[in-house]
Structure formats: C-alpha cells, structure tokens
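I've put the structures underneath this note.
Look at the two complexes coming up: subunit A is in both, with subunit B in one and subunit C in the other.
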Partner chain A sequence: MTPDKTKALSADPTHAMEKDIAFKVEDLNVYYGEKQALKKIKVDIPTHSVTAIIGPSGCGKSTFLRCLNRMNELLPNFRIEGEIIFDGQNIYDKNVDVIDVRQRIGMVFQKPNPFPKSIYENVAYGLRIQGIKKRDLLDNIVEMSLKKAAIWDEVKDRLAHPALALSGGQQQRLCIARALAVEPEVLLLDEPTSAIDPIATGRIEELLRELVKSYTIVMVTHNMQQAARVSGSTAYFLLGELIEFDETSKIFTNPGDRRTEDYITGRFG
Partner chain B sequence: MQNRQAMRTRKWNQWRDRLFSLLGLSVTTLGVVVLLALLVDVFMDGFARLDFDFLTHFPSRRPERAGIYAAWVGTLWIAVLTAAMAFPIGVAAATYLEEYARKNWLTDLIEINIANLAGVPSIIYGLLGLGIFVRWMDLERSILAGGMTLALLVLPIVILSSRESLRTVPSSIREASYALGASKWQTIRNQVLPAAMPGILTGAILAISRALGETAPLITIGALTYVAFLPKNPIGSEFPFFNLDGLMDPFSVLPIQIFNWVSRPQKGFAINAAAAIIVLLFITFVMNGIAVYLRHRSQKKVRW
Partner chain C sequence: MTKPRQWIERTIEVGLFLSALLSVLVTLGIVGVLLFETVGFFKTVPLLDFLTDTEWTPLFSEKHYGILPLFSGTFLTTSIAMAVALPVGLISAIYLSEYASRRVRTILKPILEILAAIPTVVYGYFALIFVTPLLQKVIPGLSGFNALSPGIVMGIMIVPIVSSLSEDAMHAVPAGLKEGGYALGSTRLQVATQVVLPAAFSGVVSSFILGISRAVGETMIVAIAAGLQPRLTLNPLVPIETVTAYIVQVSMGDTPTGTIEYQTIFAAGMSLFLLTFVLNIVSYLLRKRFREVYD
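Right after this comes the complex of A and B.
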C-alpha cells in the first residue's frame, strides 16, 4: 500500500461524529443494463457489528454487498448511481483507487473459492501482490490470519498442501483467513455458509462472533436463524428495495413493516 | 393407453441407443484397425533398418549408407523454433482477446479470421512464408524461415485452444483475486494463466506435433531443393545447438526426407522411408504423450 493511496481514503474530520458508521449509503441505484437491481437504497451500516442482509433470492442482496467493495464493476453492463461513503469518502469517487478499496474491504464468497495452490500461498497471495516478499513477515501474517480464522490448528502441519484438498468448511475458513491477511477493516460475506454442512456452519458463526470484535462485518444470508444468531442489525431487501433496517432483535420480534413480518414468519419467501 | 405408448417409445429409444453404440464401436474399431495395419506394415518394412548408423548418417545415393541425421536434427530445430515463436505469441494473443479486448466489430473480425486461418491449407502458409520470410525478409531457405512458417501455421490453433482453456478458468478464481486487491494483470498472471496452463500446453503441443508432420509448406519455401543436394549437410556440422548461426542454414526435416525416399524407385529407399516414418511417429507419440499426461494431470486435480 503506498502512502498517498491511504491518504485518499483517510478520515475526514467533518465526519468525526459518524465514527460509528462504517458505510453511509445514499440514494443507491444499481442497474444491470436496462434492469434496475437496486432502487434508492439509503442505509447507515454500523461499525464493529454484524449486519445481516436478508430477503428472497433475486432481491439484490449480493448486488448490494458487491457494491460495498466495488466488485460489481467487473461486470460489463453494471451501472451505479448514488454514493457509498466509507471513511469519509465516496468509494466511487474518481480519485479513489479501487485496489485500495478492496484491500480495506475484504470479501468472502458463497462458494468457497481457494486458489488451486497451497494453503500457505492462498493466505500469502494478498500480501505477495502488494510486493511483500520477506519470508518471516509472510510466515507471521499467514499464521496470524489462520489463527484469527480458527483454522490454524487444523492446517499448521500441512501448510504446503493443496488448499483444494480441505473440506468445504475448512476451505471457507481458509478464504476468511485469506481475506484477513491483507488486514481489512470490513469483511463482506455473501451467504458464506450456504454451501457447507451444519457443523462447519456453526464453526463459522462462532468465528464471526469472535471477528466482530475487531471488524465490521456485513453478511448476506438466506438463513433467518443465522441472522438472528449472529447479527446486530438486519436489513430486509425485497425486489431491489430496502424495506426495513433495524436492530436484529427488533426486526425479528417487532418488525415495522408488514412485508418484513410476512417474510420472517415464513408466510412468504 | 398412454402407458403403452410410453413403453413403446422407451423400447424404441433403447433399441436405437444400442444400435448407435454398436455403430460407433464398429466405426471406431475400423479406424483403429486401419491404423494398426499401417503401423504393422511400416514396422515390418522399416524396423530392421533402424540402428545407430541410420540415425547418425547423412543421406546418401546408396540406400544402405543413407541416414536421417540431417532430417531428425532439422525436425528438432524446427520443433523448438516453432514452439518458441508460436507459443508466446499465441498465448499473448489469446490472453488479449479473451481477457482484455472489448467486444466490438474489430475483435469479431479478428476472431472470425483466426477461426478461418486455422482451416487454411498448409501449402498456403508455405506460399506466405516464401513471399514474406524467404524473399521479402531475405531469410532464404533457412531453418529460421521454416520455423517462422510453421509458427504461422500453428498460431491460429494455439490461439484458439488457449482461448478455450482460458475460458474454462472459473470466474470464482478471478473474483477471489480481485477481492484481495489484485490488479487485472496480477490476476491474469498469477491465477488465470497458471490455471489455464495445462490446457494451453496441451493444445500447443498437439498443434506443434501436427506441424512436424507437415511437408507442403516447407517444400514450398525451398527445403526440398536442398534435399536434392544432400551430400553437403550444414546442420550436422553446425552442431552444437547453441550456435544460433544454424538458424540461417538450409535444412531438411523428416517428412521431406521420407517424401524424397518414397519417390525413388529403389527398394532400399522404401525401407529407409519406413524406418524414418517410425522415427517421426516416435517423436509425434512422445509429444502427444506429454500432452495427454498434462491434460490428465490437470483433470486429476481437485475441482474448484
């Protein structure tokens, strides 16, 4: 990371009062070609908390999540309007470096996607592309990241083994370790447990409860029990609109919108 | 009633399945049998002729003293040169087209052209090589001109198979890389190309091993004329390999040597031709073996 890139996103004193807000999303509209996938989203996502995004499939949960670290730009027909303020700056500003954004806002995907390389190289990759070559520094960060992702004990004796030989749940925790290695402030997770078994899911939920002490976490989930178990606040999306955003306990006990209630009581979705 | 109809349809389908698999099996067997017959014929004619002298002697007017030294060394030179030129250019072109190029009329045009070029008869490439490399660039009938001509010939195939291979790299790998802050080039260099490499190599090796059997383009650029004056053989005396002066020497290759021998009336040359065919087949099989091994190894790897 070069110093001036860091400066581009550094804290702005006028936003000091918003220090509890990680993302301030203003009038976000997203289009895939002609089709509008997100409509007028306005939401403040808190720091050091797990924010769950729920809603029926196709409602734009992934789209919203991928806006937060500019992963959507990789799609050719993607278009965005509005602002996403992160650390005092709109991450879609022209002078913001997308690489910097993605290093500070890490992402874990629905299907575990380790590189077809060794466990060690998977975790070290994000550092290597920053030009870090020192072996002991790499060793250190790899170990720390694997520990933070609660997978160190399982893999410490086989760091040179192929990552693809791990089980699905282990692969997903490896992907979390890989994301943590570049020392992000935010972790975005898109249905991180939908492709793995219940026991591995439990371990990841436990891990998230631990990680939230040091990271801001935004997680898409289609599992409402999971949202209830892990998250501090919940956003309910429907057909590209943000229907309701509130503390998770409130959403699940006393939702303010009829449509939210229908969804969480299983009458719909 | 409906059930009966369904049963009949299913029976008919089963019968048709069986018929087709039988047909497929017999056609395949026929192909293999014909190939085997050819192989056996060639081996019976030529195998006894294969010895150390045959591999280390230059061509001669007397069949029993003639060898394929110049020819197999030339084939090796050409193989290395063709690979050294077609592989990097082909992979670079494929990477550009697949990863960087915007889809517009120009890239469409390029795409169609590459697909068409892959089907152009090889002699046309010989004429192109003759016009550009031999005459215009004044490379004469050199190994370099031959290598460049064959590189042109295999380039479209290398590009097509490399693109195919790049396309099979799952987008989840690219996303994982981008999400860690990798640039496009870093993603391609560190993840996409390595993941696609077994497929790219397989395609390239198969293309080059085919090119080594090509006769027409090399005859067109003048290799045959050289073979008519066989007694002086510059390649053999230009050994060792790292002397790049050899690039500018005239040359012969196995298929041309074979062609030359086959067209002579003496029985001895026919035997020589059969023996040379065995050597050429051996080289081709080794290369194809490597390609198959690479493909097999990449398929065995755990899927992402």
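Right after this comes the complex of A and C.
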C-alpha cells in the first residue's frame, strides 16, 4: 500500500505538531474489570486537525476515543487512571460536569444511530434538551447544521420525514449534523464510514476535510487509505499501547517503529 | 435412508397443525355459542332498548335490559385501575430499564411480577375489608361497596402487566440509540423519556392496552367489592356493577337454561367480547403504525 501523501489533509502537514493542543493525555490507564484495555497512554492531540487512530481490532481505539468525552463511564465495570486535559482542565475532575463535557465534545458512532424521530427533530434534539424552544432559533440551527453536514440539499424538502427512512450514508451525515447542532468544539468519530458504501464514504471524507477548518476531529478508522487521505496526524495503537504518534505523512512513509511499519505495510493486522 | 425421517417430519407437521386447528376451533365454538344465545336474546329485547335503556334489571319483576349501567360500571373501574396502573407501571418500567443496576433488576422484577400471580379473589377481599375502610377514613361519603376501592386494587394488580411489557420494550431499544442521546449531553432522565420511551412507544402502548383489556375483563375483584348494583353513574363512591360482575352473579344463581335471564349473560358477554376485540385491533394497528425498524 502506498498512501498518497498529497491528499493528506492538514492545511500545513509539516507543522501539524506545532499546533495548539486540544487534548493533553497523561498516563492514561483504562480497565474493564480486571482487564487493562489501555496502558500508560501519553499523547497531545492537536486542535483544528484530523487525528486518525489506527490499529488492529481490539487494540483499544474505541476505548481511547470514548475516554475523550467520558462515554465509557456508562459501562458498569469501567475504571480509569490518569488525566485528560481539555481546555486547561482534567475532564475527569470531580467538579467537571459530564453533561458539559459531552456537549463540548461531540461524538459520531460506527453504526448510524438516528433517533426514531423526524429528520428535523433529530437535529433539534440536542437543543431541545438544553431547553431551547424558540421555533425560529431551532429552525436556523437545524438548517445551518444540516448545511455544515452537507446533507441540507437532500433533505430540505422532507424535514418532517422519519430519519430512519434515509440511506445509511445519509443517516450518518444526519448524525454528524445532530452532533454539530449543539456547537461542540471537538468531533469524535468511531469508524464513521465502516457501515456505509464507498460513495457515501467519499462524501463523508470530503465533509471532514471541510469541517476540520472549524473543529478538532479525532477519528478511529480501520481503513489506512482513509487515515492517509483525511488526517493530519495519526496514532497507532497495538494491544492497548500507543506505539507511535506522528504526522500522518511521516507514519505512512517513514514510521519510527518497526511494529507500525509492519501494520501499515499489511504484514500484520 | 431418508424415508423414516421424512415420515417423522410429516407427522410432527400434521400434529402441530392439528393443535393449531384445535385452538381455532375452540375459539370459533365459543364465538358460535355466544352468537347463538345473543341472537336468541335479541329476539325478545330490541337492540335499541339494549343500547339506550338506562336501567338493567333483568332479575327483577319490572324488567329493563339497558346495558349502559353495566358499561358505565366497567368504564368506571377500568378508568380508576388504569389511572393507577399506567403511571406506576410506566415509572417502574423506566426505573427498572434505565436506572436500576442489573442486580436490583433481577431481584425487583420477579417480586413485581408476583403481584400478577396473586389470586384475584384475594385482591377482592383485600379491597373490601382493607382498602375500603381505609378510604372511608379519608372520604366520609364512601359506601361500603364502591368503584373506587376495587378500581385502585385492580390497578395495583395490573401494574406488573404494564411495567413488565413496557420494560421489555424499553430494554430492546438498541444501546447505540441511548449512546447517541448521552453523547449529545442528555441526562439519564432525558435519555429515558426522550430517546428510550419514544423508541419503545409501540410496546409501551401495547402494554397499556393489554392492561385495559385485563381491567375490562376482571371479574372477581369487582364482584366482591363493587356492590352488584347496576347503576348508570360516573360517581366512584357508590355501589355499581360491571359487565363481568353481572355475568358471574347470574351464573352463580340458579337461572334455568334458555330463559331470557340466562340469555342476558350471553348478550353481556358478547358486548364484552366486542369491546376487547376492538381494543386488540387498536393495539395491533398502533403497533403496526409505530413499529420502528432496527436491524
């Protein structure tokens, strides 16, 4: 596999590492019951860039991503050590409101999961639970979010239709619009294109290239070409450890670790 | 080689078909008997009288055959029961499905379901000799027999029907949908009421309708505690009689077969059957209308 360097996303890939830091992860250990899923992770994730997380199945990619907006806490046997500093504060600090964390750090899942409501109500959901009721304000934000998610033209005439009637790729863009509606600073995506077809995948990648201008994006992907196409930096995980983190162009052309090289050249995983 | 096996398969198939046929035939038989006797009844009593007369006194010398008093009794006790069972059942379901830990759920759910396993005659006397006197302390005008007390007790009995089926429906909502809610900054209550509940809507409505059917059909509790006095009223504090209680009252007496008194049971039973039949159809339509497709 030869990744196409010219398509790498970051506005200036060679300086990706010098950008501001969105997440400063320090000595992160994560356990599910007795089993340790992440080991001593230390990494600085840059702002306004797409960071790709790659690695074989079960190596802890999703676990890591879900630590960044405290989604893992919903699991009963989950335990975490270490710090994740976001906006100057450890998001796991006792006095941090988890609701606030999740509003500022949005998430899109592997399988599109629109609510069984109308297209409009899906996007308006996050605003409604914040108590926003004014119709014109809702209308505005819904339209803006659908436009940002590049799905407005396809759904503008049927906002009242059920979201579940959309195609898989449209549902996923709707989920992105839904996440954008609450105006997060970060978008976390867990293999957002693994359940949809190649054309829809292309549209979402295009969308991510657009969104990264205003958002910090962290994306788990199974697809190394995708990481090469859209990300500015890449983290390679293996068996719960962060093996290597660097600019995507460097990871794919001149990896610093033998195990990374084995993985990206397809000798493993 | 495969002959004996095919033969066994065939036998099983026929056996299963015959069992299914048997239950269909039994149902048809019941409806047939109901229809036959009901037709006999309407040869004596005009349908219009049956539907509009405001008195039901077939066992008295001055006979009236208006079904409305019995229907008002059924309506009253059912409404009271559902006013108890819907909120309590739904809240229990939300608690069990969205809040309780797995351990709490495995303990609480069977306990709740025991409520549905208590013989209704026990509930009946519970209403008559415990709940009614208790209510009389708060409501001075309450008769010894009334719709309120058996209605409330019936509601308690129906709580597990509503909670158990609603909880099953809510439990079946995909975890991914709930995560979608949490990821947008929802609280648990918001996820429960605004993501899970709408997604489980058809199941929840079915549980409501099943609860209503159960209340409409309930006999023993109302026969014991509501008074056996047909009365066209919506006052929950006075003695009334439900359709079912009337049927059991006549069945327990020594009414000779073929008389008009005897046929009233079937006319009342037919009305009840039509009512629950309509409820079932409504439930089916709602389920079809609101079924959400998850793959």
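Keep this in mind: the second predicted complex is superposed on the first by the 250 of 269 C-alpha atoms of A that agree within 3 Å, B and C clash if a C-alpha of one lies under 4 Å from a C-alpha of the other, contacts with A are read in each partner's own complex, and residues count from 1 in each chain.
By our rule, a contact is a pair of C-beta atoms (placed from the backbone, for glycine too) under 8 Å apart; a residue touches a chain by one contact, two chains touch by 3 or more.
None of the values given here were measured: they were computed from a predicted structure.
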Do subunit B and subunit C fit side by side on subunit A after the overlay, or clash? clash
For A:74, using the defined touch cut-off, is the partner it touches subunit B, subunit C, both, or neither? Pick first, second, both or neither. both
Looking at A:208 after the superposition, I want to know if it touches subunit B, subunit C, both of them or none. Which is it: first, second, both, neither? neither
Touch check for A:200: first (subunit B), second (subunit C), both, or neither? neither
With both complexes overlaid on chain A, does A:180 touch subunit B (first), subunit C (second), both or neither? neither
Could you list which residues of subunit A make contact with subunit B in one structure and with subunit C in the other? 69, 71, 74, 99-100, 102-103, 106-107, 109, 111, 113-116, 125-126, 128-130, 164, 175, 178-179, 182
If you look only at subunit C, which of its residues touch subunit A in the complex? 101-102, 174, 176-177, 179-187, 190, 194-195, 198-199, 292-293
With touch defined as at the start, can you tell me which subunit B residues reach subunit A in the complex? 170, 172-183, 186, 190-191, 194-195, 301-304
Can you tell me which positions in subunit A touch subunit B when the two form their complex? 69, 71, 74, 99-100, 102-103, 106-107, 109, 111, 113-116, 125-126, 128-130, 162, 164-165, 175, 178-179, 182
Sites on subunit A touched by subunit C in the complex: 69, 71, 74, 76, 99-100, 102-103, 106-107, 109, 111, 113-117, 125-126, 128-130, 164, 175, 178-179, 182
